[in-house]
Amino acid sequence: MSAEIRVQEAAFDPGAELSAFTPRAAAAGAGAMVSFTGLVRDLPGAGGLSRMVIEHYPGMTEKALEKIAAEAADRWPLGPVLILHRFGALTGQEPIMMVATASAHRVAAFEAAEFLMDYLKSRAPFWKKEETGDGTRWVAARSEDEDALGRWR
Amino acid sequence: MSAEIRVQEAAFDPGAELSAFTPRAAAAGAGAMVSFTGLVRDLPGAGGLSRMVIEHYPGMTEKALEKIAAEAADRWPLGPVLILHRFGALTGQEPIMMVATASAHRVAAFEAAEFLMDYLKSRAPFWKKEETGDGTRWVAARSEDEDALGRWR
Amino acid sequence: MDILYFAWVRERIGLPKERIETSATTVAELVEELRTREARYAEAFSDLKALRVALDQELSEFDAPLAGVREVAFFPPMTGG
Amino acid sequence: MDILYFAWVRERIGLPKERIETSATTVAELVEELRTREARYAEAFSDLKALRVALDQELSEFDAPLAGVREVAFFPPMTGG
């Protein structure tokens, strides 16, 4: 397993990332690749989302993501792993983050991607703030996200 | 849900497909996109895989894939869905097929992609033949693939 | 009625498609009729558990009736993805 | 010891980082000390269940000892992804 971890302010194109990931997965003998991409939802209706600002904890963020990737590699036989997360100001419909996994078979690639997402949601120090026509608010953590970790214990 | 189903002989780039899929997902209000890509495994060792040939049942293939996509859309609130599968001769490390799903939340996007893959494996009329240094053989169906459908009943 | 063969079934029988006249009323009866034709058919249809059948491009069963069916396809379990 | 604040904790306290001298031996003691400082601290730390703490950039607990710790961070539950 070789993990590529990137925490960046710049926008990215999920397709370009998958194009770069594919030959690395293939060269590692993978038969299955899974990618997950999170997008800023452009909620319709009054006071729709106009902007999202993501704060993070430089230093701890990278350590937390490395740890999550290493734990995934302990549980499943993985080829390359990508974890990419933006911070700063984002507008509607922009990609927020992405993970990609590769393995010999599909179940391992799917499970590892879900594991990375579940841990990233509740254990990596990112905080989202939404700005709408009605004002700004910090996104509240959802108890379902904490509960999702139960699957992996 | 709008499903894009493609059965083609031509090679494709999973990244380019995801680049095209992303704005469609974002425009549909999706916050989560999942993609799965199957690759020809280039098995090392004596008689390694030199070529894969995929046969399919023109007409039935498209119908079966449309039906699987429609069933996924009945089960989860989905944005666009992509199912793309090659036939004909493929060489090592080439992408064989891809599915992509989009939904408001990650669990639906993941589950729908896994559902599409499980049904595609056992219910869409494709057959793989592997050519190695030792000769050619039709890939045998795996009982785990049939068992995987039990999750969705 | 058009009969289609795929993958190793096609290879064993030696052709992808043929048109036949039959009075078989079920898939199983059609298989019995084909088996008596030649050794290559008998061999291809020796183990029905290793085969799948589609009627007019829909997966079906060996005890299904053939009334109104225009296209029957025989093939091994699918291995896409 | 460096104390860092993130998200609404940072906003309520009004600064992202400060250096303090403390004789607190656990996170809980440190929180008590901060609460007595000013109303904005008392408010930020009013409900510990709504807070998380990291010691030297590792998630930790409020009853954890502070011996040897150089950086303490307080923040709400994470909402990445």
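Read from first to last, the chains carry the letters A, B, C and D; within each, the first residue is number 1.
We adopt the following convention: a residue touches a chain if its C-beta (ideal position, glycine included) is under 8 Å from a C-beta of that chain, and two chains touch if they have at least 3 such contacts.
Here the structure is a predicted model, which means the values were calculated and not measured.
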Touch graph components, with chain B removed from consideration: A, D | C
| item | value |
| --- | --- |
| Chain B and chain C, separation of their C-alpha mean positions in angstrom | 26 |
| Computed distance of Cα centres, chain C from chain A, in Å | 48 |
| Gap in Å, rounded to a whole number, between the CA centres of chain B and chain A | 22 |
| Chain centre separation (chain C, chain D; CA means) in Å | 72 |
| Two or more partner chains touched - positions in chain C | 81 |
| Multi-chain contact sites of chain A, meaning residues that touch two or more partners | 38, 106, 117 |
| Which chain pairs touch, all of them | A-B, A-D, B-C |
| Contact set on chain D toward chain A in their complex | 4, 6-8, 10, 54, 57-59, 73, 75-81 |
| Chain D partner contacts - residues on chain A that touch it in the complex | 38, 54-57, 59-60, 63-64, 85, 96-97, 117, 120-129, 138-141, 145-146 |
| Of all residues in chain B, those that touch chain A in their complex | 13-23, 25-27, 29-44, 92-95, 104, 106-107, 109-110, 113-114, 117, 148 |
